[in-house]
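Below, chain A partners chain B and then partners chain C, in two separate complexes.
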Partner chain A sequence: MRFFEFEAREVIKRAGIPVTEYGFTTDPAEARTIAERIGGPTVIKSQVLTGGRMKAGGVKFADTPEEAESHARDILALEIGGHMPRGVLVDPKAEVEQEYYAGVVWDGTRKQPVMIFSPVGGIDIEQVAEEQPEAVGRRHFSNILPFSEFQAKEVIASTGVTGSALNKLVPILTRLARLFVENDMVLAEINPLGRLADGSFVALDAHMDIENEARGRNAKLLKDLGVGDEETRQAREATEFELAGEAVDGMSHRGVAGNVTEFDGNLGLVIGAGGGSLTLFDAVRAHGGKPANYCEIGGNPDVAKTAGLAKLVLQKPGVDKIAVMMSIVSNTRVDIVARGVIKACLDLGFDPAEKIAIFRIPGAWEEEGFKILEHYGVEYADRSVSLNEAARRAVEKIQGVAA
Partner chain B sequence: MAGVFIDVEVAESVAGDAELAAKLTEVCPVDIFAVADGRLQIVEENLDECVLCELCINAAPEGTVLVKKLYSGESLPA
Partner chain C sequence: MSILVDADTTFIVQGITGREAVNLTRECLDYGAGAKIVGGVTPGRKGRDVHGVPVFDTVAQAVEHHGAPIKGSVVTVPPAFTKDAMFEAIENGVELIVIVTERIPRGDVAQMVELATMRGARIIGPNCLGIIVPDVIKMGGIGGPAKDAAKSYSPGPVGVISRSGGMTTEMSSTLTAAGLGQSTAVSIGGDAIIGSSYAELMPLFDADEQTQAIVIYTEPGGRMEAQLAEYVHDSGSKLPIVAFMAGRFMDEMPGMSFGHAGTIVEGKEDTATEKIARLAEAGITVAERIEDIPGLVREKLGVAV
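Let's look at the complex of A and B:
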């Protein structure tokens, strides 16, 4: 879950990392008051969870408080990448001698955090790594053992930074590493980290992303920051299709039949299997199929709920067929799912044998389920057919339709 | 009107018995039965939710409740 810049700055400030005397507001008049308090040129920054703020006109410089108010008014009304701003951050326009980069990111392959530092900041670290690899220091560290200042010193020194700058940067990076671990983050980035004329450092911008599953563990922090439980902060807003999936799932308390994610393919998926639904999705793609959606079904949803999900997928524009696949089920009943998907076809006036590319759900009550499928002429597979093979058969059928 | 997959038939002697009607309503986990004006009613929109648990069959006198699987021609009790 991503933080807005003003929230990330607060987290940094609490960790003891120097920040500017910024202010956050949703009111242009208050932006003026903040600028008056700052008492000099300011930067007005849109608070949106998307990139490209500068290009879109979401970052403006103001020489006077009146100008700050005017810019704030414009920016608050400016949509950037489909997002309206949460507010504006009014920041002193710092006289920076040099911009640095400091970040910690979760390395999913190594299953460890990695600290990254560069004396070249203010631009994407990926660009620096490509153009000046010698200017990027990095080091993995344990998220269980205590983080030592020496580890930060090694990373910074590896980029050629010495003397007073090195000494001042070490505590900043150490605190950044510790707040990353303490708050279950997957990204904590200060870019740029500015060195001022007096040699001190100050965080000028920050990006943070907390592990979604750790929201409960960080409830106090989120409450302090004013982040509501309902805020998902996904990379994009839910589509109408996805919202409809949520509504289907809310039809009854029994089981799960929703959590759909929209894609633009022609093969609708009614899939579930714990992590197996991801495997099935990947298998469809590996065989050249184009999923119209991802979804999760399980926990023995009732017939109406299953039918609701299947109808939603069947009615999605561009969907030619659906594949109904799960790994071996225990608490979900095969016959109930079979009834649900067939009922969806019948209610929409489709022939289940035509619309269901394959039904591959073995497990509880499978004999009863197979009787239903046979009655309607739906192709089905038992546990002797792997998930991968079932996905291949579904793709083969849909490609036959497309050809 | 039957469901797509399931139909349930209840003998008149049970449907008109307020006590038995209340018992069937209580035991069914998917609300296929309801009582109106002291008589047993079949809630048609719930018929396809039948989980074939046979609780209704066991709650009523033998041979008075029949659950029909429309997809196979079979019935409960077998």
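Let's look at the complex of A and C:
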């Protein structure tokens, strides 16, 4: 889960890394008060979880508190890339001598975190790596041994930085590496890290991304930052349909019938499991089908939960039929999914034979499942029909409906 | 032969008294020659048994009871306890650990992998279904109950490696139906950091006489496919590889996570398009559809099979 800049700055501040005397607010009048307190030129920055805010007009410079207030008002009303800002950050306009880059990310191949440093900051680190590879230092560090300062020193020194800058940067990078590990980050980046006229360093912007799976054990940090449990902060905000999907999945702890993502087609999908759903979604599209949604069933959800998911999809405006398809199941039971989707049709007053374009789930308890489907006249297929062929048949049926 | 496990492999199940673990134990005991599950561990449950497998409080007790080193462990404890369980297994001499548990923070996974590397042990998973050698042994929930696993898996020349547990079975079933059996099928897990990637399992398949071709299932996210391409290039591996790439639609939806925790397009390298190009450059054939895989494998093997 990504943090807003104001949260990321708070995280690095807590770790003992110097930050500017910024303020966060959702109120233009308060932006003025903060600018007054700062007492000089300020930068007003939109707090959105999307790139390109500078280009979009989400970052503005103010010479006076009045100007800060007026910029804050504009920025708070400015949508950027489909996101409304959470607030604005009012930041002193620092007199920076040089901008640096400091970051820690995971290397999934080496299976260790890697520290990245560059004396060329303020721009995308990938661009620096491409254009001036000698200006980027990298070093992997152990998951088991405690991070030691010399490791930061080596990375910094490898880029040619020496003198007092080197000595001042070492504790900053060390703290960044430690906060990355301690707070289960998947990205911790300070860019730019500014060197001021007096030689001191200060973080001017920060990006942090915390591992979703570790939110529980970082509950205190998230609470302190005011991050709600319900905030998922995906690349786009969850739709009502998707939130309803989450509610269905939350009906019981047993199994998964969720990960619902909305699309605008007419073929509802009740599909699984992880890999099967990806394969099936591709297959439906390859045959010219228009999915109404993506979802995943797995881990043997009960009849009620499966029915809940199927009902949600069946009731989605524009959905004519549903296709119930999974890769061969081993612990999810075919008969339970069959009962669930038939119950959903019956509860809504639909004929299962009409509404279910195809049921293709082979595997555990398939004989029992197929018997039920036969009873209701639903077209079903066993493992001799490929995922691709099942998707083709479903698309064919729904296109017959459309025509 | 096979890789990783064979008929003589002994293992324990950590978290054996959990609902899924009880089923998994039954399935493994019933499959093939019957797995040699020499004990189970659930703290506080010493003295019980699960389908005749004795339960202990600690791995050390299980090893002592067995009276000899134990080769493997299937770990099915909740995410918050997985790292400790895995450390316990490693420090008691276990060499092969299949981690079934999902939703483990990658910091923990990375620690587990690093300790395993230090001790010369290997992790499969997390978030995986384990390993199966058709008609011989299965270690984990892979393929489900013994009678279902028997429908999908058959012995033969193809090594299968998959980021999706269900798709390991789907692809193997397709191969079986076409008369192409499997030497060993490994569900490696769908997380961003896993114990054994394609490239890390390839040397084992390369050294295995039975294996004559490899089939992999892959998804967007991470750079495991690039790593495999590098391995093929650098090692001069002779095994033909056929890959299937799911989640092509995700290229249009960067930043959105689908399927597995590690399945997300965060950069250009993560996209299905880019990965297909990497694989193709290394001479790996990318199948458009699962049902095309057996034909492509036969083509690569010539008329030998």
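Just so it is clear, the second predicted complex is superposed on the first by the 257 of 403 C-alpha atoms of A that agree within 3 Å, B and C clash if a C-alpha of one lies under 4 Å from a C-alpha of the other, contacts with A are read in each partner's own complex, and residues count from 1 in each chain.
Keep in mind that, in the parts below, a residue touches a chain if its C-beta (ideal position, glycine included) is under 8 Å from a C-beta of that chain, and two chains touch if they have at least 3 such contacts.
Keep in mind that this is a model prediction, so the values were computed, not measured.
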First, second, both or neither for A:383, with chain B first and chain C second: second
Partner chain(s) touched by A:326 [first = chain B, second = chain C, both, neither]: second
Contact breadth on chain A, by residue count: chain C or chain B: C
Touched partner set for A:143, first chain B, second chain C, both or neither: second
Contacts of A:375 with chain B and chain C, given as first, second, both or neither: first
Partner chain(s) touched by A:346 [first = chain B, second = chain C, both, neither]: first
First (chain B), second (chain C), both or neither touched by A:135: neither
First, second, both or neither for A:304, with chain B first and chain C second: first
First (chain B), second (chain C), both or neither touched by A:336: first
Chain A positions touched by chain B in one structure and by chain C in the second: none
Touching residues (chain side chain C, partner chain A) in the complex: 20, 23, 79-80, 103-107, 109-111, 113-115, 118, 129, 141-145, 148-149, 151-152, 162-167, 169-170, 173-174, 177, 190, 192-193, 197, 217, 219, 222-224, 227, 244, 246-250, 253-263, 289-291
Residues of chain B touching chain A in the complex: 4-5, 30, 48-49, 51-52, 69, 71-72
Chain A residues within the chain B interface of the complex: 302-304, 333, 335-336, 339, 342-343, 346, 368, 371-372, 375-376
Residues of chain A touching chain C in the complex: 106, 108-109, 111-113, 142-144, 181, 184, 186, 211-214, 216-217, 234-236, 259, 261, 272-279, 281-283, 285, 294, 296, 298, 326-331, 362-364, 383-384, 386-389
